[in-house]
Amino acid sequence: MINEEGQIAVDFLLGISLFLIALMFVVQFIPGLFMSGSAGESSLDYTAYRTATILTEDPGWWGNSTSSSTDWESHTNDIMRIGLAVDDDNSSKSTNRPNIISRDKIIAMMQVNESIFVDRLGLYDNVNDAVFSYGYNISIIKDKQYLSINNTAITRGDPAPPDRETSRITRLMLVETGRVAYINATELTTNLTLPSNTSLINVRGPLSENITIQLGQFDINGTNPSLKYVKLNGSTLTTSADYTVYEKNGATRSSPGSSLDTDDVLCLDFNSSLFEYNQTYSLELTFSDIRFTRSAPPYFEFTENCEPLYEPAYLNVEVWQ
Amino acid sequence: MKVFFRNEEGVSSLIEYIMLSVVCVGFFAILFLNSTQVFLDRPNEVVVEDEFTDIGNMMSTMITDMYVILPSNGQMETEYRIPALAGTGTYHINADAATSDQIIEVISYSTGKKVRVTIGGIASTMPINGSAQSSSTEHMISYDSTR
Amino acid sequence: MNDRAQIHTLEGLAAAILMTLTMLAVTQGTTIVTPQNELAMDVQLEQLAHDALAIVDMTPDTAIQYNLTECVSSWDMGESTGVGDNLEKLDEELAYLLPGIRYNVDLVYLSSGKVVTKPVIINGIATENDVVARRLVALTNETASTMGGGWNLADDEIKIVEVRMTAWKV
Amino acid sequence: MESLKDDTKGQWIALSGLVISLIIISLALLANQAVVAGFYSSNAALELPKENIRELNLQTRENARIAMDISREINASSNQSISTAYASIFDSCSSQMRYIYALHGETIDVTLANMTYNNSSSSGLVWANISFQDAKTNYVSAPEIIEVIK
C-alpha cells in the first residue's frame, strides 16, 4: 500500500460510510423529522373554532335529574355546557340572539372550576386513551385591552407561550357591560328652583354595574351649547375619576366637541361606586345654552328606564398543546 | 509469484472494491430491514393520526355548527363525505360514546388506532348516536325534533 | 501515518450535513405551508365577516348608533364608483369592527320582479382568498323616510334587501 | 468496476442521489396525504350554511314583527282585515327572500301556517313553516312559532 492513489478512495469510503451512518441515525432516532405538521396542529384550529362557537352562539345549559334550562349561571353545580349568549327563552336549548353576550354569564364563567371548565368546553385531547389538556387562553378584548367587569379582567387560562405554535380564533360580539338609558333631552325636566339649563335625573341605588346616560335631541337656545358640570346630591363630580363624557358617533366614540349639535349623542359613563347605598340619588346635569322644561316632580327615573348596555368586543380563543 | 506480491496496484483496487461493497451491502441491508418501518409505518402512523383527527374534527365541528341552529320543531340533515382510506387503512367513526363522554371516536380496523375528538358539551343536552364506515364515502347527519 | 486525506473526511461530513439540510428543507418546506392553515384562515375570516354584519344588524341603538336596517334605509340609490361613499355610516362602523380587513358591500334586492345588485361600498378589488357574508334586512316606508333614503316604498310594503359583504385580508 | 474506480466520487454521489430521491418520492407520497388532511374539517365549517339558515330564521321573525305593525296600519286605514293584510305582506316577504336565496343556489320556502293576534295590544303569535335546501343540507322548521311583541 505504498501507492497513495488508493487512499483517496478509502478516504471517500470513510466519508460516505460516516454520512450513511449519520443519515440512518438521524432518520431512525428523530421521529417526525421528515413528517412535519404531525397530528394535532390542524385539530387545534377546530378546537378553538368550536369553543368560540359554543361560547358566542350558545346560551349554555344546566341540568340535574329534575330540571334543566339555559340559565346555568345561577346553577353552577350542574353545568352541562358553558355558553355566553343571552337568552330570552330559558326553556329552548338555543338562542335567537347569538353574538350578544350576557354579563352574568361572563362573571359565572370566570368562577367555574378549572377541571369542569376544561371538560365542558372539550379543551383536551384523547389519542389511544391518553388524555391530556390543551393550554388555552380565552379572553374578551375591548379597545385593545382586556374587558373589565367588576374590576376583574376577563381572561381565563394562561397567557399564550410565545415560543409555541398556537391556534387562535377571534369572534366579534356585543358584550353587556353595564346599564344604559337613552334620554331624549326635550323630555328631561328640572325643578322650579334650579335654572332652566339644568336637568335632574334620579338614580336608585345600590348599583353594581356602571351606568351610562345617553342624551340626544337637545333644545339649543344659544351659540355654544355644551355640558358644564355634573352634580350628585349637590356635590360636583370630577371627570375621569367619577364619570367620563364622550360623543357617540356610529360605533366609535369621540371626545365631546366644543359645541353640541341637535343630533349629537352625548354619553356620560358613571362609576357604579358612586351609587353604592340603598337610596335615591339625584343627578344634576348643568349645560350652557341648552334649555329644559321646569316642572314639579317626578323627574326622570334612570333605574326604571334603563336597559343593558352592549358594546362591541372581541372574543379571543387561543389553544396550544 | 513475487511479482504478484510486489505489484500492489491490484491489491489496492481489490481491497477497495471489497470494502466499498461491504459498506454498500451493509447500508442497503440496514435500509431494507428498516425501510418499511422508517419510511412507511411511522409516517403512515402520523398521516393516519392526522387524518383521524381531521375526520373527527369535521364531525365534531359539523355537529356543533348544526346544534346552534337546530329548529325546535323540525328536521335538519346534512351530507358529508369522508375519505375511503386514511393512510393505507380503513376505519370507522363511532359517535355512540358521545352520550357519556361527549366524544367522537375514529378507529382504524387494521391497527386499532383510536382518536377521540371532544364536542364541547353538546351531547349532554342531546343524544348523539350513530356510526359510519369508510367503505362508503357519502354519509349524512340528521336531526329530528320529534324523535 | 499519512494524514494527507483528512480534509476529505471533513468534506464528507460537510456533505452529509448539507444533504441532510437539503432534505429537511425539501420535506419541511412542502408541508409547512399546507392548505389546511389557509383553509382555517378562511374559516376565521368568514366567521368574522358574518359576525360583523350580524352585530351591526342586531345592535340596539345604544351600542352602535345606526343598525344595518337604518344604514340601508338611508341609501340614496346611487351606485358606488369607488370614490366617495354611499353608505358612509355603514362603512365607518364596519371599518371600526373589522380592523385589518377590507371589504366591498353590495345590496341585492328585487325591483319590479327583477333581482338587481348594486355596489354601494367599494374599498378595492377583492383578492383570491375573499369570503362572502350575507345578511337580510327588511325595509319599510317608515324606516326609509326617517333615515332619508331614496327607496320610495309604499306604506304597505316590506322590501327585503340582502347586504352582501365581500371581505378579504390585506 | 474499472470506471467506478476511475471516477469514484461521481458514481457514489450519483448513487446516493438515487437513494435519496427514492426516499423523497416515498415521503412526498405520504406528505401529499397529510396535506389533504385538514381539508375535511375546514370543509365542514365552510360548507355548512350555518349563517344562511340562521339568517333565514331570524329574518322571518323580524318580518313577522314588522308585518304585524303594517297590517295594523292597513286595517286602520282601510276595511281590510288584519289577517288578510298580514298574509299578503308575509307572502310578499317570503317570495322576495326566495329570489334572493335562489341567487346563491339555495331553495327556501317560508309559508304562513297560522296567526293569532290581540286586538288591543300589538302582539300576536305566528306559526310559520320554514324550509331551506341546498346541495348538501336540508333544514325544515315546521312550525316555527314566533311571538310578536310590540
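So that you can tell them apart, the chains are marked A, B, C and D in the order they are listed, and the count of residues begins at 1 in each.
Here, a residue touches a chain if its C-beta (ideal position, glycine included) is under 8 Å from a C-beta of that chain, and two chains touch if they have at least 3 such contacts.
Just so we're clear, the structure is a prediction, and the values are computed from it rather than from any experiment.
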Query = More contacting C-beta pairs: A-B or B-D?
reply = A-B
Message = I'd like to verify one number: the distance from the centre of chain B to the centre of chain D, where each centre is the average of its C-alpha atoms, in whole angstrom.
response = 30
Inquiry  = Using Cα averages as centroids, what's the distance between chain A and chain B in whole Å?
reply    = 39
Task = Report the inter-chain centroid distance for chain C and chain D in whole angstrom, where each centroid is the mean of the CA atoms.
result = 17
Interchain centroid distance [CA atoms averaged], chain A/chain D, Å = 27
Inquiry  = Which positions in chain C are in touch with at least two other chains?
reply    = 19, 23, 27, 31, 34, 36-37, 40, 43, 54
Note = Residue ranges of chain A touching at least 2 other chains are 8-10, 12, 16, 19, 34-35, 37, 42-43, 45-46, 49, 98
Set of chain D residues in contact with two or more other chains = 5, 16, 23, 27, 30-31, 34, 37-39, 41-43, 45, 54, 57
Ask   = Taking touching chains as linked, do they make an open path (line), a single closed cycle (ring), a hub with spokes (star), an all-linked set (complete), or other?
value = other
Inquiry  = Applying that definition of touch, give me each pair of chains that meets it.
reply    = A-B, A-C, A-D, B-D, C-D
Remark   = The residues of chain A that touch chain C in their complex are 4, 7-8, 10-12, 14-16, 18-19, 22-23, 26, 33-37, 42, 45-46, 49, 52, 56, 97-100, 167, 169-174, 180, 182, 212, 214, 248-252, 265, 307, 309-312
Ask   = Which positions of chain B touch chain A when the two form their complex?
value = 8-9, 11-13, 15-16, 19-20, 23, 27, 30-31, 34, 38-39, 42-43, 46-47, 49-50, 52-54, 56-57, 60-61, 64-65, 67-70, 72, 102-103, 113-122, 124-126
Ask   = Which of the residues in chain A end up touching chain B in this complex?
value = 1-3, 5-6, 9-10, 13, 16-17, 20, 24, 27-28, 31-32, 34-35, 37-40, 42-43, 46-47, 49-51, 53-54, 57-58, 61, 63, 68, 80-82, 92-94, 98, 120-124, 126-129
Remark   = Touching chain A in the complex, chain C uses residues 2, 4-5, 8-9, 11-13, 15-16, 19-20, 23-24, 27-28, 31-32, 34, 36-37, 40, 43-44, 47-48, 51-52, 54-55, 58-66, 89, 92-93, 96-98
Inquiry  = If we count contacts the way the header does, which residues on chain D are in touch with chain C in the complex?
reply    = 16, 20, 23-24, 27-28, 31, 34-35, 37-39, 42-43, 45-46, 51-52, 55-56, 59, 62-63, 66-67, 69-70, 73-74, 85, 89, 92-93, 96-97, 99-100, 103-104
